[in-house]
Every structure is written in C-alpha cells, then in structure tokens.
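One chain, subunit A, appears in both complexes that follow, with subunit B as partner in the first and subunit C in the second.
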Partner chain A sequence: MKVLWKKGIAAMLALLMACGAGGCTDSGELSTDTTSSAGSSAEDDAWIAAATDPLTPYPETVTVTFGKEAGRNFSALAGTEWENHNDDDNAMYDIIGGFLNIDIQIDFVGNGGDDYNKKVAMAIADGNIPDVMKVSDYSTLKQLVESDMVEDLTQAFEDCATDRIRDIYDSFDGRCLESGKIDGKLYGIPATNIFNGQELLWLRKDWLDKLNLEEPETMEDIEYILQQFVEQDPGNNGEGKTIGLVVNTGIAGAYGAQFQLNNIFTHYGAAPGQWIEKDGEVVYGSVQPEMKEALTVLRDWYAKGLIDPQVAVRTNDDRIAVVASGQCGAFFGAWWSCNSPASDAWALDNSVEWVPCVVPVGEDGKVTVIEQNPSMGYLVVRKGFEHPEVAVKLVSLQYDYMRRSDYVQSDVEKAYIAGDVACDFLGNCDFNNALVLCYENIRDILDGKSPEDATAFEYGVAASCQKYVDAIDAGQLPDKTDWSNYYGRMIGTRLAAEVPYNKISPVFYSSTDTMKLRWGSLQKMESEMLLRIVMNEDPIDSFDSFVEEWYASGGDTITEEVSAEVAK
Partner chain B sequence: MKKRLKREIPFHLMLLLPMLFLAVFSFAPLFGILMAFQDYMPAKGILQSRWVGLENFDFIFSLPSSRQIFANTIIISLGKLAAGIIVPVFFALLLNEIRVIAFKRTVQTIVYLPHFLSWVVLANVVSSILGFDGPINSLIQSTGHDPILFLGSNVWFRPVIILSDCWKEFGYGSIIYLSALTSIDPGLYESASLDGASRLQKIFYITLPMLVPTIVLMMALNLGNILNAGFDQIFNLYNPLVYETGDIIDTYVYRIGLIDMQYSLATAAGLIKSVIGFVLIMSSNLVSRKLVSRSIF
Partner chain C sequence: MQIEFFKNKLMDTVVWLIVILMTLCCLLPLLNTLAISFSNNSAVNANQVGILPVGFTLSSYKKLLEDNQFWRSAWISVLRVVLGTGLNMLMMILLAYPLSKSKNRFASRDIYMKLVIFAMLFNGGLIPGYIIVSKLHLLNTIWALVLPGAVPVFNVILLMNFMKGLPEALEEAAVIDGASEWTILTRVVLPISKPGLATVALFCIVNHWNDYFQGLIYMRTPSKYPLQTYIQQLTIDVSQITDPQQLIYFMTISTRTLNAAKIVVATVPLLVIYPFLQRYFVTGIVIGAVKE
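So, the complex of A and B:
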C-alpha cells in the first residue's frame, strides 16, 4: 500500500516536472523548474540553494532513478527487524531520501562485476540510462562522454563537494579525481580504491615454532622455510603431501588479489601487468628483462617442489581449501586474508596460528608495493537530468556527513548495524591511507582513548577486537569473527601502518583502441608464458621469444598509444 | 481439399506458438548479424554505428592464435562426434540384449543422470577424479609412476575433454537408438533364429544394418554443431597451460568479446560458426538423402 502511494506521488511529480520543463531555461543555467508559480523568488532561491550547497535538501521531492551494484547480502538480515530490506528499499535510502528530499527509484540492480556491467552495457545500448549510475571503468566513461550521454559535473563538484570530500581526493595526489576528467571536464565522480597495505606472506606460526624457525626476511629465508615445511611435514599431512606455497594460476599481475607472487617480482624490479615509466619511457612491465630474474627463481622453486605442483588446475576454492585443511602453510595475501583462508584454517583447528610477514625485503630492508588503480569506477549523471548535482550531494552526504562521529545518531547507527550502510551508490570514497587511519583509531579505542574522527564502523571493529582480547585473557576460545577482526586489523593492517615500503606507481590503468582488439590475445600469451615457465614446461629463454612475439602481435602499437595517452 | 484443410486447422494452431517462439527468439535476432560488419558501439546502436565491411573477419583470421583455436575446435568436436555415436550405439546394443526389464530400466536411468547436471558441477567432479589425490593418480602412484597432471597436460587434455563429455552424454544419446531398436520387426529375428543365426550374427546382420539410417541421420544433425566444441565444459576445465590444445573458438570469443566488450568481433566469430555449420548440415543432409534415403528436410 505504502509503495503504491509512493509510486503515485512519484508519477504525479514526474508529470508535473514534465509540464514545468517547458518553461525551463536553456541548459547551462540552473534548472528552476518548480511545479508552479515560476515567478516566486523565494522558491527559486530554495532550488538554487539546493543545487549549490552540499547538504541543503530540495524544496520539493525530486525523483532520481539509479543503476546500482548490489551492495550486500540482505539474506543475512533474516530474522531481524530489517529482514524485508532489499536493494530496492532499505533504511539507507530512507535516510538519504529523507535528508535530501529525493525519491530514490532503482532502475536496475546487478551483482558487482560482469552482471552489473552487462546491465550497464544494455542500458547504454538502449540509449536509456538511469539518472545516476555507476560505471565500472574508464573506457565506459569515455564511451559515454563520446556519445554525449552524460552531464559535465565540473560545476556541480565545485558547488556540492564538501571540504572533506576534496581532502579525500587530494589524498591521492590528484590521481583519482583526474581520472574522472576528460578534456579537463569532470564527467565521472570516481569511487576511490584505497591502499590495501603491502601484500603479506602468511605463514603458519605454529609450524615455524615447531621447527624452530625464525620469521623470514629475505628470499633465501622464504625458500628455506618452504623447504622445511615441505620436508619436515610439521602439519602431519603424510610424506610428500605438504604443499609449499599455494599460488594463483595467474602467478602475478593482479593486485589486491590473493595467492599472487607480486612481492617476489617487485623484489627483482619487475612490475608484471602494469604500465610503468622506465628511463623516461612508458613500458609494459611484463615484457621487461627484470621479469626473467624473478621467473628464474620461481621455476627453480617449482623444480624443488616448493610451489604447488597443481598450480595450473586449481580453482580459487581449491586453493582456499588446501590452506584451510592445513595441507599448506604459506600463501601471499593482503591483510583481509585473515578472513579467508586464514580464519577458515583456524576454525577447523584452533591450534592454528598465523603470522603475516612483509617479505621479501630488498637491500634497503623494504618490500616494494605496486600502487593500484586509484579509481574503482565512476558515478555519472544522464545528460539532460535537471539536477546533476545530486550525484555530488550524495557523495558528500554519505562519505562525509554521515561518516562523521557527531552524526552517529540512532537512525544511522541502526542502518550501520543492519548493514544498509553498504547500500550506497558509489562504492567507496575514502582517504588513500584510510586503512592506516582506521587501524590507528581502532588501536586508540582499544587503548581506552576516544579518537575524535573515529567512525561507528571503527567502534564496532574495536569492540570485536576487544572481545577477542578478553576471550584470550580469560583462556576461552574467541569467536571466529572476532578472531578475523583482530588478526586483520590489529595484526594485518598494523603492518601497513608501521612497516615502511617502496612504491611503484603505474602510469596508465585504462585501455586504448588497439588494446580493445589485441589485448585479449596478448593476455593469453602472457598468462601462458608465466605458467609454462614457472612450471618448467618451457625453458627460461622462451621469455625472450614471448617478448618478441608480444611486440609483434600489437604490443608495439599499444605501447605507442599508451605513451601518447600518458603524454597528454 | 477443403475438408482436409478443416481437419488440419487444429494442428496449424498448435504450431502457431512454436512458430511465434521461433520468430521472436530466432528470426528477429538475425537482425543483429549486422553488427558483424560494423564497428559496433552500444551507445550508437546498430543503425548509427560505423560500417567496416569485412574488417572484423579479417581481424579474426589475422589473430596469431586463430589457426590454433580453429584446429582445437574441430579436433575436439570431431572426437566428440565420433565418441558420441560409437559409444551410445554400442551401449544401446548391449542394453537391447538384456532380458531382465527391471535391470535394464535401472541402468538406463542411472546413465541418463549426468546429462542433467551442469558442467560447473561436473567440472569439479572431473578435476577431483583427475587430481593428484584423486583415484586415478593414486592408482598410477601405487604402480610406482609419477602422478600425471591430466588437466595441465597438452597430451591428455583433449582425451579428457572428449571422454568426460562422452561419459556425460552417452546415456542420453542412446535413447534415440533404443527407440530405433524397438521399431525393428521382430519377424526378422525370428526367421534368423530359424536359420540358426547366433546372437552376434543377429546383431551384425539385422540390428546394425537397421540402425544405419538413424546413425547417419544423427551424424548429419551433429555435423552442424561441429564448431561448438562445448564452451561450458572447456571453460570450466581449462587453464593457460593447455591453451595450446584446449582453447576453442567459444572460449576465445568469450575472453575477447564479453570480457573486453567487443560485440562486433564476437558476432563475426559467431557468424563464421553459423555459416560453416549451415553448409555442413545442408551437405550432410544431402548425403544422407542419397545414401540411406532419409533426411531431415
């Protein structure tokens, strides 16, 4: 009944607006299509205020349609008072809608990744996109701008982004916001991709202790430890059953993913899968000679049985399973690997202990980290939508106002608890070093302080960590969630805060014309080469012929195009 | 004439719905073939996108791995075609000789089962069976040999694909032969028995010759699918190590087409497949009509 009523109002409003639009001024000026009495200046002022200030609500309800990535698993809310919440209707929309006086209508929802991207592509193909939607990459943004389907948001950002939102984008040294601009105009509000910390080598601490081994630092240390794990079989898996290091089929090149060997490649100065600047020229990392050094070591490890012999045929579930079951005691993964597979292994056997190590360190004692693409998609506004600033207002509301601790009031708290906080439209907008800030706040809360910029989320995690500490002190078994939170935040992200590292900053994350056609086959060659060389199927020198073939099959043209793009 | 029409009207009405289905889901989308000759941009749509003639086809054949993927596709499909006829026919013959009806029915039902499971599920089964801890490698190791990484070996990958597909489908594929067997005139067997023919002789001189038209027909039908080597099966089982022998047109098109959103290329590749499939099915239909005077149309 309530829904019907809402829809009726929305339809009437839409009708009224459509009538009003006839009297609307030319584009470029602020729309002031009030429903009646176009001459009333007080009402005009209210519309102008709403259009130029981050948090001022609209004088009358504005209907906005959205394309939305499914944010969360609502089934987890079953049995609570929020169990009827879904991606079309939830506490978060009520809060946002009520605050800004907008009626949120969801045009389409898709699961993150392929599913959502397909729906976006369909909407674009139809030429009928929602008023506000997220697109997942720069090439889609570019395509929309080229076909003149989206609004220029430069002025809207000037007017409606709060200082904190600006600070957030500044924390990326401009890399993030710039990526939403085409020819100097801002068309997409970027979703930020925060720094995930170093990739860590998670080792079974209980195995290290059993074998009297120290935590590793260098490549040699890692090799020795893996060798001991495989030979001594500290997990009693049976002779020859222990896997040294479980590795992703892709070997390296995906960042922020698990089971990747990026640290080992960067240790030798290589940057697989990334466009980097080298001696003043833009080059593709995977075809540089440094790769060969890293591959030589890895194929040697493989030959010695230190790398999972079934690396080629394992699915991600398999990899998680071998770690969880205690068949393998070493894997690379970012701090969040505390959840899976680390806590899975602990849940199956409570004597499991993990230690994440920042290795292998170079001569300067640091590991080298490759910076990720700072943008994880863009919020765009349909060309011709009367209130383009609404996208920026949403960002200011959700990622500044509602995150501030002084806003933590009952409604939002409830929404946070219900998890509807994930029902946002952008994905994320946070400081590049948000992970470190978050760790520091949690640490301070645990120390009994109350840091002023701590969020409700951080208080929640801190409480969970406290439960872990209490349980350990009392000699009880902690809860799995508390275990994960403590290992992830107090052990994992502490390393990001405290252990210094070197950075490689790629110069290009997007796609070029030739790339669209050729990248698929070049990627095929690359993944084939990496796996075959590591698995000793091909000699190490086949790397040279791969490089030659890579350039000949379009790699040279693409390198030129990327250089030209970067030079712009 | 009029009477006949009147009598047949209900049948035509019954056909209406399927025809509508065909029109909506098969004929209308034919319009999309235009994309194969365009540089299709979703935002511009089919009518506004730039025409590029045969550029997309040129590109597909100029890809460094196009020969490899066409060869893989054809070899795998031919293997499946052969296995998909020999095994079900053999199985149907065996089943036909069983006289205990209950046993026959049970076996029949059990072998149908895998047909109804998706490859996403079966791929896990196959890779567990062939993994280092699986039964096959345990057997190999117990005889003192090194375990074999079946799904990572260019020697083994195609046989594994063909055999596992055959295992999944042979039960279902045998249905049509079993029904063909029931339509053989029992009088033939009786007179053969009177002449003193043994069971094997009856199979070779009566059953098999009577099955030939069905076999040829099935072969003709399946030839049209020669370029469909089984996307979901291979996609769930392959890895970069076996691209050399296992990467087929569909998996390749999936990687360049859907992941990189190259709709025109994907359409062009699909069109090539359809054209070849069309030529094959027409010619095999013709051959079937000439040889066994049975045809689909």
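So, the complex of A and C:
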C-alpha cells in the first residue's frame, strides 16, 4: 500500500475508499490533500493515467511475472526466422510489453489441464504466486480469495476495460463476468467460453442416398434411419456388422464432447449433468423424472440394436475408429467433428459424404441445446501487487485493440495468426456468438466481399474453403485440411448461424464444499445408472431408486448448497 | 525314462510358450507404435494399423525434424543423463564402498546403513520435496532433476552387496604392497567391480531417461521439460478433456502418427545403450547376490 501511495495513485485509492466507505467525505478530502501536498508532478499524473486508462503505457518499465497456460502451435513457425519462439520468450511478449511498457517475466507455464492445474496448486501451496496468473476453475479462485491471496479487480475493471471488452462480457448476459465475482467484488477476469453451436447428428449422406432416405427431423425419423443403416448395410460391412449410433460411455451430460446424446435428452425436457431452475427451485437435471422418458427410448433403441452394443467398453480412439473405418454412419458431435472422425472416413474412402443434421426437433421445429459454462478460468492478480490493473489492461490490449481492423500487424504477428500460434495469458475473450460471426465473415469472403472486422485467421480459413470449392469444381480431389475446413465452417457452423434453437440455461457450473467430497462418487453412480439402463442391464424403474440413493448419498445437501449459492 | 523324457519336453515347451508370450507382450506394442509412426493418419484413426504400416509415409518424421521443442527436450534429457548418472556413480561408489566393509573396520557402519535404508523407505512427500527444491532456487534448472535423486539407495545396496562379494585377499595383497585406501578403491576395487558398476549405471541411465514426473513438477515451463515429460504430455486422453476449445484443437491436429514417431525416436537411445551394457548385466546382478 505504501508504494501505491508513493507512486501517486492516491486519487484512485480515494475513489476506492469512497466506494467502500459509502461516500465518506472525510477520507475523500484527506486523500485529495495528500495528493496536492505530495505535489502532483507530471510523473505522478502519468502513473495515474496509466493506472486508470486501458491502453496508456506506464511511465517506467514495470516488471510483471506471469503464470500461464502453454500456448499452442509454435511449431507452425518452423522454417521462419521466429522458429525458436516458445512460451518463455516470444514476439507477442515484446509487442504487448512494448505497448504497455511492462517487462513480461514468465514464472511458470503448464500445458492446459492437469499439468497447469498442478503448477498452480504447487504455487499456492508454496505461498508464492506470480503477479498475474490464470486459474482454471471457480473453486481455485474462491480458495485464493478466501486465503486473501488475490487483489480485488473491481475498480481496475471499471477503469481499464474498453467498451468492446464490456460488450463481450455483456454478450453472455452477465453470466460470464458475474462468475468472477465473490461477494460482489470482481476477483478474477473470466476467460470466455464461446457457444459451440448445436450438437449435430452427423450422418453418412452417401448411405442415405443409397437407401433413398430423407434427412431426418424427428425422433422417429432418426430411429428409422438407424434401423435402415443397421439392416440394409449400405456400407457393405457384412451382415450384422454395421453399428447404428456410436455413443460415448458417459451417454450425456458434458458440454461440447463428441458421441453424446444430449439432444435426445433435451428433446424430452431433461438436462443431464446440469443444475437448472425448475418451478423456481434449483435442481440437478440428472435426477429429474424427464430423464426417464429419454432413457425409455434409448433402451428401446439399444434392444433393437440401433446403439453400439459395445458402448460400455470402447475407448475414444475406438469410437473414432468405427466411424473412420465406415463401420458406423451416425454419430453426434459439434461442428468440429468434421476433423475427426468425419474427415478420416472421407480420406480413407473418397466416396464418403457427410451431412450434419440439427435433430431431433420438437413440436416447435427446434432442438434444445444446453448452454455452456461461459467461463473457462480466470485471470487473477497477486495481493499486494502494485499494478493490479495490468491484468485488465492486457485483456483490453489483446482482445480489443490488437483485434481492431485498423490495427497494423507486424510481419511476425501475421505469421502468428496465420499459423494459429497462440500465447494468450487469459485463453480467450470473445463474443458468445463468435462462432457465428466467424462463419459470416468466412461466407462473405467467399462471396467476394471484404468484411470489415475479418481477421487474418478468417481469411486463411476462407482461402482453404475456396481451395475446396475450386477442387470440386475442377473435378479434383480436395486436400483433407480444405475438406475439413469447408465441412466445419461452411456446413457445420452455418447451422449454428441459420437454424434456430431453444436454450436451457444452467444456473450453476461450479463446486460446493460437499461436492468436493461427494461429487466424484455421485458422478460415478450417475454414469453407471445411465449406462446400465440404456444397456437394458437394469429395468427402467431402477432410475427411481437411483434418484433416492443419489439424494441420500449427499445429493440433498449439495442441492441445498447449490440453491444457497445461486440465491446469492 | 521315457516318461521322464516327455515330462521334460513338456515342461520345456510350456516354459518356451510362456517366454514367447511374454516377449510378444513386450514387443507387439513397440512394433505397433513403430508401424503407426510410418502410417497414414486416417488409417491410424480407423484402427487399421497392426504391426505393419498402412499407407507408408515418412511425413511424421519430417514433421518431427521441424519440432524444435522435441529436440530441445531431447537435449535436456541427454544432459540430465550425463550429469545425473555421473553424480549417481560418484555418490554410489563413495557410499557403497565403505558400507561394504565389515563392522570391525567401519565401526558406525550399521548406523549409516539404517539411515540409508530409512531414506529409501520413507520420504517427505511431494509438496515438502517441491518446497525444498523451490527454496534452494533449483526450480527450472537442470539441477532440480539431478540433485534430488543423487543417491539412488537401491542401487547403492546392490553395489554394496557386489563389493562385499569381492575376495578379501585382493585387498590384503594391496595393503601389503603399501596401497592407501584411495589406491585400493581406485586401482583394485573399481576395476574388478566393472560388472556391478555397469549394472547400476544402466539402472541410473534408464531411470534418468525415463523419468517424466520430476520434469513435470520441477520445471516451470514446457520448454524446459525433458523428453519423457514432453512425451507424457502428448499422450492425452481426449475423452478426459472438458475444455471445448482444447478439444477442438486436439481434434484438428489429431497427431497419433506424429506422437508415435516421437515415442520411437525417444526409445532409440536406450535401445542403443542396452546391448553395450547387457554383457555385464547378468553377471553383475548374480555376482552381487552370492556371498563367499
């Protein structure tokens, strides 16, 4: 605090105090006095300006240490003069550091997921966290706040977030930024998790054509098509060797994963794996009676042989393999499923065609999707760091200023964007509908327009899609990457842009105290129940005993805790 | 006689079958990885690759040549093996030799022995270990990989037993010739301990080369990961990933062939070292186990 004073950020401090003390005039006057008596030289003004404006650089170089998740794709720079760039040292640090006059020092880097989380946990246990770091979940953020290790960023966000950054968080209807707050104070700048589009049912178009089948819409259509696939064997796999629908061992409940049946559950009004509000109460979706309807249909499908009989034992590689090898012609997956396994099937047999369908539609002609957790981690600032606003400034710089259309990119930045090289501190900060915006830009570029806010990345994808179109027009075989890009962007994400859908908005994504102890076993119980009922191992009524057991084994306490959290 | 003969034959066949089966268990995954590294990525994703490549291509190895991080990590691993094994050997010899003496000649031997065994059975655990390394400012340096495991106790005991088995007469002869303890160690004991030394050296090399966990814990950035840590990070189970953006990324790169190539290249150094040390290997352990 002393140093803050010295640096002359007294004005900002006064503001903070004024807010905290409910506008106490005394402290306000006192601070103003201090400022004037300290002599508000030009240098002090410069420090204040830097601390309260998104893009104003610091008058002197400020050293900031970081904990960050590993970037990606540095190998795309191979063969250029920047091929030695990595997470410790790269051009982006120089550029960002140059803008804000900060010296970026890397304290630790970890590969996203387990590796990084371990490093964060170690740093916290060691009591020695870097000035700015990303934490990947809300419970870690909460832990840091409770042990008073991180700064309150409320004021910093007020001062240093640009309009576009605010717009971005607003596009999540407040759900995103709100998740970084504890007791009304913003402690973590959330990394956004953009909407991934509907879960699509990818079907083999060539099989549909061969059997004279239309693209499906309703549950009955899907069932009929799967039945035809299995019985008629359009892929010549041999009698009884065709798998109807390949399904994840988890059956449903995760967001954005492949081979899940979320669409079928939401079709019957269920929300597996999600905390939702129902009749004004917070409840866990997997223990609601709507699940039973969906499960009844699925176990019927399984009994008829329409669902992969080996659903319980396949690994993810196996699931990809049965689709890639042409043994299965139907699977659920988001738009990027065009990469794997769809493009693998095509690469091995060029007569393969795919069509992604938004099914099953309800009475209003729409599918229902479960909204994603809008936050994928938080940027936090160490308690006592003199320039907590630097985290917000970085976000404003990276996700607003450097993405503006009039921002002039240096050669190295162009190379980074073209190669999809990323070394962000936050991970991502983009509009909820970024996927749709991206599709629209790519579509416009292909139409010969030059959309204003199109990025180099979008131009790159558009060029790849154009190569696909040219190859098809010329009757040649397109490249696998171009094929994937076209199917993913022009066919897959087009559906997200053009096909309307209903939403279920879960109300809670985080973890509670009892969850830390019990959630693992409850989840296991749930996935075993799903699998056993679908596979006809247990009667459908065992769902009711599962619900009872779920509540008895801690589910009721957790539900109360979650309700209390949501009520806050 | 006849029955005895058949019995032996039968036993032999069974033994052979078991040995062949176990060899295959070890060999097939290696061959499969090798085949995958030379195959077309789509064929691999369709599980079509067994022990022979499908759609033979060298593209994985071409890509591997461009991967800076792989070679950086390989260099770190080499450095670690050289430094680590060197230090291990020094420590082991200096500890095993005195401990191989009887209580008459080294009065407090048992105390040291108990300390050593205690340290082998119990340790402080992960977090205290990390904090010590952190407080000594070793994090992110090669020394964090070398120093914490500088005294491999199990190998010390192995070497000690080997030295115990050496004929005492040799040493007595050296003493009569006027050799000092240092001379005895360096000129008499070490040269005839070669099989034992080679064995423990091999253990240390393999240990250092294959360890990924220390790299994961003590190195603060992936660019300083040793090779096995780097490889461990590649073999991610996609179904465990919950972050959609990461999932998209992994689905787009889908590099099972490239990963296989990396594993193959990372295995080569050990495959090369083994035959050179193997001739000492069997004798080394056997002699160490038998006392006069």
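Note that the second predicted complex is superposed on the first by the 513 of 568 C-alpha atoms of A that agree within 3 Å, B and C clash if a C-alpha of one lies under 4 Å from a C-alpha of the other, contacts with A are read in each partner's own complex, and residues count from 1 in each chain.
The rule we apply is simple: a contact is a pair of C-beta atoms (placed from the backbone, for glycine too) under 8 Å apart; a residue touches a chain by one contact, two chains touch by 3 or more.
Quick caveat: nothing in here was measured; it's all calculated off a predicted structure.
Chemist: Specify the outcome, clash or fit, for subunit B and subunit C once both structures are aligned onto subunit A.
Modeler: clash
Chemist: Based on the superposed arrangement, let me know which partner A:L55 touches: subunit B (first), subunit C (second), both, or neither?
Modeler: neither
Chemist: Looking at the overlay, does A:A125 come into contact with subunit B only (first), subunit C only (second), both, or neither?
Modeler: both
Chemist: For A:L446, decide between first (touching subunit B), second (touching subunit C), both and neither.
Modeler: Neither: A:L446 stays clear of subunit B and subunit C.
Chemist: Answer with first, second, both or neither: which of subunit B and subunit C does A:V499 touch in the superposed model?
Modeler: neither
Chemist: Given the touch rule stated above, what does A:G112 touch, subunit B (first), subunit C (second), both, or neither?
Modeler: A:G112 sits against subunit C, while subunit B stays out of touch.
Chemist: Can A:I182 be said to touch subunit B (first), subunit C (second), both, or neither?
Modeler: A:I182: touches no partner chain.
Chemist: Which holds for A:A463: it touches subunit B only (first), subunit C only (second), both, or neither?
Modeler: neither
Chemist: Kindly classify A:A78 by the partners it touches after superposition: subunit B alone (first), subunit C alone (second), both, or neither?
Modeler: So A:A78 only meets subunit C here.
Chemist: State whether subunit B or subunit C is in contact with more residues of subunit A in the superposed arrangement.
Modeler: C
Chemist: Looking only at the overlay on chain A, choose which of 62-70, 116-124, 188-196 or 206-214 in subunit C hits subunit B.
Modeler: 116-124
Chemist: Show me the subunit A residues, by the header's touch rule, that subunit B contacts in one structure and subunit C contacts in the other.
Modeler: 125, 249, 315
Chemist: Which residues of subunit C touch subunit A once you look at their complex with the stated criterion?
Modeler: Its residues touching subunit A are 40-43, 45-48, 63, 66-69, 127, 130-131, 134, 216-217, 220-224, 233, 236-249, 251-252, 254, 256.
Chemist: For the complex, which residues does subunit B have touching subunit A?
Modeler: It comes out as residues 41-45, 59, 63-65, 124, 127, 131-132, 149, 151-152, 239-244, 247, 252, 255-256, 258-262, 265.
Chemist: Subunit B touches which residues of subunit A in the complex?
Modeler: The touching residues are 114, 121, 124-125, 127, 143-144, 146-147, 149, 249, 309-310, 312-313, 315, 516-517, 519-521, 523-525, 527-528, 530-532, 535, 537, 549, 553.
Chemist: Flag every residue of subunit A that touches subunit C in the complex, lowest number first.
Modeler: So the residues of subunit A touching subunit C come out as 70, 72, 74-75, 78-79, 83-84, 86-88, 106-113, 115, 118-119, 122, 125-126, 128, 193-194, 196, 248-250, 254-258, 315-318, 320-321, 324-326, 334, 336-337, 339-341, 343-345, 347-348, 372, 376, 427-428, 480, 484.
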